[in-house]
Amino acid sequence: MVKDLSVNIGPLTMANPVGVASGTFGYGSEYEELIEIDALGALYTKAVTLEPRPGNMIPRIVETRSGMLNSIGLANVGSRRFVTEKYPGLKSYKTSVIVNLAGTMLEDYLETLEYLEEHAPLAGYEVNLSCPNVKCGGMALGTDPEQVELVAKTLRKATDKALIIKLSPNVTDITEIARAAEAGGADAVSCINTLVGMLIDTRTKRPVLASETGGLSGPAIFPVGLAATYRVARAVNIPVIGLGGISTADEAIQYLLAGASAIQLGTINFVNPDAGTEVLEGIRSYMEENGLERISDFHQYLHRKVI
Amino acid sequence: MVKDLSVNIGPLTMANPVGVASGTFGYGSEYEELIEIDALGALYTKAVTLEPRPGNMIPRIVETRSGMLNSIGLANVGSRRFVTEKYPGLKSYKTSVIVNLAGTMLEDYLETLEYLEEHAPLAGYEVNLSCPNVKCGGMALGTDPEQVELVAKTLRKATDKALIIKLSPNVTDITEIARAAEAGGADAVSCINTLVGMLIDTRTKRPVLASETGGLSGPAIFPVGLAATYRVARAVNIPVIGLGGISTADEAIQYLLAGASAIQLGTINFVNPDAGTEVLEGIRSYMEENGLERISDFHQYLHRKVI
Amino acid sequence: MEHIHGNILENREIASGYYELIFRMEGQSPLPGQFLTLRVDESSQPLLRRPFAFSSYTNEANSRAVKAGSEAGTAGIIYQKRGHATTILTGKRPGEHLDVLSPLGNSWPMPRTSRRPLLIAGGIGMGPLFFFARRLIADGRNPILALGARHAGLIPVSSLQEFLQPAGESPTGNGKAELILATDDGSRLSDELPPPFHGNIIQALESRFSPEEELEVYSCGPHVMMHAAVKWAELRNAPAWVSMEQTMGCAVGACMGCVVEVNDEKRYARVCSEGPIFSGGYIKW
Amino acid sequence: MEHIHGNILENREIASGYYELIFRMEGQSPLPGQFLTLRVDESSQPLLRRPFAFSSYTNEANSRAVKAGSEAGTAGIIYQKRGHATTILTGKRPGEHLDVLSPLGNSWPMPRTSRRPLLIAGGIGMGPLFFFARRLIADGRNPILALGARHAGLIPVSSLQEFLQPAGESPTGNGKAELILATDDGSRLSDELPPPFHGNIIQALESRFSPEEELEVYSCGPHVMMHAAVKWAELRNAPAWVSMEQTMGCAVGACMGCVVEVNDEKRYARVCSEGPIFSGGYIKW
C-alpha cells in the first residue's frame, strides 16, 4: 500500500516526486488550460535573471534524432517584472514552485535571490550554473567545483528556503561538482541540464541555430541523465532530483531506482502535456505492484543511502 | 568537378574520407560478404590489447531511444593472435587499416604498439584513451591533458605511421585534450567515443547492462559529436576525424563542414551495412552540386583553418 | 486549448505533394488563422509535435461551411509532404486516431468595413486562407483569394471550385470569392478556373488593382512572398496581416522557442501564442 | 549473407500474440535454424535490426515444403508481438517492402541415424523447429515435435495441422510428425490435435518416453525451458542442441555484443556467428 508520495528537499516537502523542468513549462499559466497544475509535485520556472533578457537570436530550436537542441538563451522578463507579472499566478498554486535562477556572475545570482526573497517568496530556488547557452557565463561557473561551492555557500546564507544546485553533464566528473554543492550547503542537486550539441544545415552551410551550438534534451539523452543521477546519488548524502529525457513512467521509475528522490519532466511536456499526470499515475501503480510504501523505498534496490 | 577525395593523416593518404569505426566493423572479414571493403577510405579495427580479453559480463548491449549502449569491454583476441589470425586478412585490403589500441596503462599501449610495429605493420594507430568501460583504465588516461600528451609523445617515438588519438566526450573541455594530443605529436585526433549512459530494468530493479553503465552511441549522440568536432577543429592544426551518430550522407557532410577531414561510421553499420557506400556516394554528389573539388574545400564555409 | 483525440475521415492528395486531412474532433472550435499541433507518431523520432493551420471547420458533417463557435465537428488541414513527420502523415488512413492540441494561436482579424479583403496565399499558406475566405463569404464580405504557385500542378483545383459558384448555387451556400491565380512558369489549370497570371502572385496583383481600390491584405505562405505582400500593401497604405512560421517546441507560449523578431522594445514575439498572425509592420523582415 | 529486399505476401495472427509473416526474397536459401534480421522502420527509433529465425522457406510459391539449396523463394518467420519493433511489424501489409539481412548463423545439425529427433519448442522457438521438422520429414526422419505453452490460445493450431497428415495426404507431401503438446493450465485445443498434457513440456516428455528410446534433442524457446531440456537429455545421454537468444548489434560477428557464456577457455561465444545453435553442454547455463 502506498502510504506517502511526498518528498523532502531540505525545509520543503513536495507533495509527490513529479516536477516539470525549468524552461519547458513557462510559469505554469501557459499550461493551465491543459492540465491541473496542482497535481504536480513541483514546478520549476523558466530561468529568472536580474535584468530582462531578450534571449538569443533565431532560430532557437531544432529537432534532432529523438531529441531537440535549444538556444533560448535565458529569455525572460527579469526579476522585477517576474514579481509583478508572474509571481501572483505562481503563488496561487498548491504545488511547490521553485524559481530557476540564472546569471553571469555570482553577484547576479545573489542579487536576484535577495530580491525575490523579499518580493516573491516561493518554495525554493534551483540554481542554473550549467546553461551552456550564455557565453562565458553560467558555463564556467558550473564546471569548477570551487566556484560551485562558493555559489552554494553564498546563496545558502541568503535563504532558508530549499536551495537546489542544477548540474551540467558537460563535465569530466559530475560527482565532484555534486559534492561541492553539498559542501556549500545545498539542500539538493538536480541533474542533468542539457548536453552541448549542434546541427549544420548542409544547404546554407551554416549552423542551424543562430548561436551555433545549443543544449540537447529529450529522449536521446535519457541514458546520460540516468547514469549521471546514479553516480551522483552514490556520491552525496543530499537528495538528488533526476531529469533528462524522461517521457514515460517507466523511465521516471528508473531514475527513482537509480537514487533520485524526485524527478523532472522537460522536453516531453512539449510532446505530451499530460506526461506529468501519466507519470505520477505510473509511479503510484508501480509502488502498489511492488509493495513500496514511500519514495525512499525505491532506493533499497541499488543501495542508495536512504536519506 | 570532384578532383580528389583523398585525405592526408600525417604520413598516410586515405583514398576517401569515409571510414568505419572501431568496434563496429570487427576486422573487416565479418562484412566481406556484404560490402566491398576496399571502397572504404579507412577501416579502424576493434580495439587490440596486449593480452587477450574475454570482455565484460553479459548482457553487453541494449537499445535506447535512437541509440544503443554497449559494454563490450575491449573483448579481443590480444596482440599475438591478432598477428596470426587477423593481420593476414587485414593486410590484403587496399583500404587504410588503422589498428585501434587499448590498454590500462601507458606501458600497455607502448608494448602493444611496438609488438604490432614489428609483426603486423598496417597504416596506422588510433589510440583509444577514452573507452568508458574499463574501470580505472582508459577513462582516467583520456581525461587528463598531461597524461594524453605523454601518451602521444611516447607512442610518437615508437612509430612513424599515422598516430591518431581518439577523444572522449566525457570531459569538461574536449579542446584541451585535443591540444594535448597535438602537442604530443599526434597526426590527428578522432572524436568522439561513446558517452557514459545507463538503463535500468524496472522489473528486475537492476541495471540492464552487467557492467551497470555503458557507452552510448548512434543517432542520439549525433549533435554532441558534431559540436565536439566543430570545437576541436577550431582548437588544433592537425586533421580531425569526426564521428558519433552519423547515419546519412547529409550527416557526414555536416561533420566535414564542421571541420572534419574524414569521418567514421559506427553504430549505423549494424543497421545498414551499405551505409559506407551510400555516404561516400552522397559526399561525392554534394561536392559536385556545390562545386567542391577536394575535401578541404568543405572547410572554407565555417572557417576551419585549411590543413 | 485542449489535448484531444481526432478521428480521421479522409486523407487525400489534392495537388502535387499537397494533402487534405479531414477529421472529426471534439472540443473547442477553431477560428480561421488558428492552428493545431499533431503528434504524428508514438515513437520519439520524430519527437516534436508539428503545427498545421486549420483549413476548414464545421459541425455539419459533409459540409465545409464555417460555423465558428459551434461545439464539436469536422475539421481539416491542408499539408505539404516535406520531411519525416508529414511523410508519416500521408500514410494515415480513415478511422485512425490523431493526437491533437487545439485550438492554438490567434486568428485573422476581420477586415475594416470600408476595405475589401485580399487574401494572398502561397504553398502551405492556402489552408488558413481558404478557411478565412469561407468565413468572409458567409459574412457577405466578398473576398479576393489570390494564390501563387511554381506551376499549375501545385494548385488544388477541386478545393478552389467551391469558391466559383455564386451563393445559392454553391453546395455550402457560401457563394463566390474572386480568384486570382499565378504560376511562375505560366502553366495553365482547368478551364473552369480563371487563367493564371504568368509570374509571381504579387506581380499578378499589380496588374489587377487600381491604386484607388481600398484593400485589407492577409497573407500566408513563404517568407519572401509575405514580405513582398506587406511591402505592396504599405505602398497602397493598406493594412496587412501575415501568418508567421517558426519551428515550435511547446506551441503554448512556454518555451520561447518559436519567436520572430519584431519592431518592439522586447525584440522577439512568440509565433505560437502572440501570433501566428501579426500586423505586417510589426515584423522585422 | 546478403542485404536484400523482401516483398510481403502475408502477415497474419496465428495464435494469440503470434504472427506469421510470409514474404518473397531473392538471394541465398536459408537452412533450418538460420535467421535473418529486419530493419522494421527507416526511422532511428527503433534503431537496431531485429533477429528472427526462419520458420519456412521454399522456392515454390504456395507450398511450404523445404527446398533448401534452391535459389530464390518464399520465406516465413513466426514472431511474437513484444515491444516497439514487433508492434510495427504487425502493421505491415502485403506488398510492402522488407529490409532483410539473410541468411545468418548456423543451422540445426542433422540427427545421428541411430537416433530419433525430438524437437522441443516453446513460444517464439516454434518457427525454427517447424522449419526443421519439415526438413526432417522430407528426409524421412520421423521427428517428434513437442510444443509447450502457457495456455491453448498461444498454440497456432493451423500451423500444426500440416504435421498431422501422413505422407501422400498432406498438401506439402511431407507427411507426419508426432505431436506432443502441453499447456501449463491444462487448457485444450481443437479436437484434431492430440490432447495436451497438463503441465510443462518437459514433464510431458517424462511421461511419454521410456529411458531406452534413443533420441537426439533440439530445443528452442525460453532459457529455462532449454536448460530443462538439456538436463533431461543429459540424464538420458542424448545429444542436445539449443538455439540461444541474445540482444544483437551487428548480427554478423563483428561487435561481440551478442555473446553467451560457454564452457570453454574463451568464456564467451557469439550467438550470431558461432550460433545461434550450440551443443547443450557447451552453454554455461
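Read from first to last, the chains carry the letters A, B, C and D; within each, the first residue is number 1.
The rule is simple: a residue touches a chain if its C-beta (ideal position, glycine included) is under 8 Å from a C-beta of that chain, and two chains touch if they have at least 3 such contacts.
Keep in mind that what you see is a predicted model, and the values were worked out from it rather than measured.
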Q: Moving only to chains each one touches, count the minimum steps from chain B until you reach chain D.
A: 1
Q. Can you name the chains that touch chain C as well as chain D?
A. A, B
Q. More C-beta contacts across A-C or across B-C?
A. A-C
Q) Can you give the whole-Å distance between the Cα centres of chain A and chain B? A) 34
Q.
I'd like to verify one number: the distance from the centre of chain A to the centre of chain C, where each centre is the average of its C-alpha atoms, in whole angstrom.
A. 38
**Q.** Intercentroid distance (Cα basis), chain D paired with chain A, Å
**A.** 49
**Q.** For chain B, residues that touch 2 or more chains besides their own
**A.** 65-67, 219-220
Q. What are the residue numbers in chain D that touch two or more other chains?
A. 44-46
Q: May I ask you to sort the chain touch graph into line, ring, star, complete or other?
A: complete
Q | Residues of chain A that touch chain D when the two form their complex | A | 65-66, 219
Q | Residues of chain A touching chain C in the complex | A | 23-27, 30-31, 33-34, 46, 54-55, 58-63, 65-68, 70, 72, 75, 218-220, 247, 267, 269-274
Q: Could you pull out which chain A residues touch chain B in their complex?
A: 64-67, 69, 143, 170-172, 195-200, 202, 205-207, 212-213, 216, 219-224, 226-228, 230-231, 245, 250, 253-254, 257-258, 286, 301-302
Q: Spell out the part of chain C that touches chain A in their complex, as residue ranges.
A: 1-3, 39, 44-49, 101, 246-261, 266-268, 273
Q: Over in the complex, which chain D residues touch chain C? Could you list them?
A: 43-46, 84
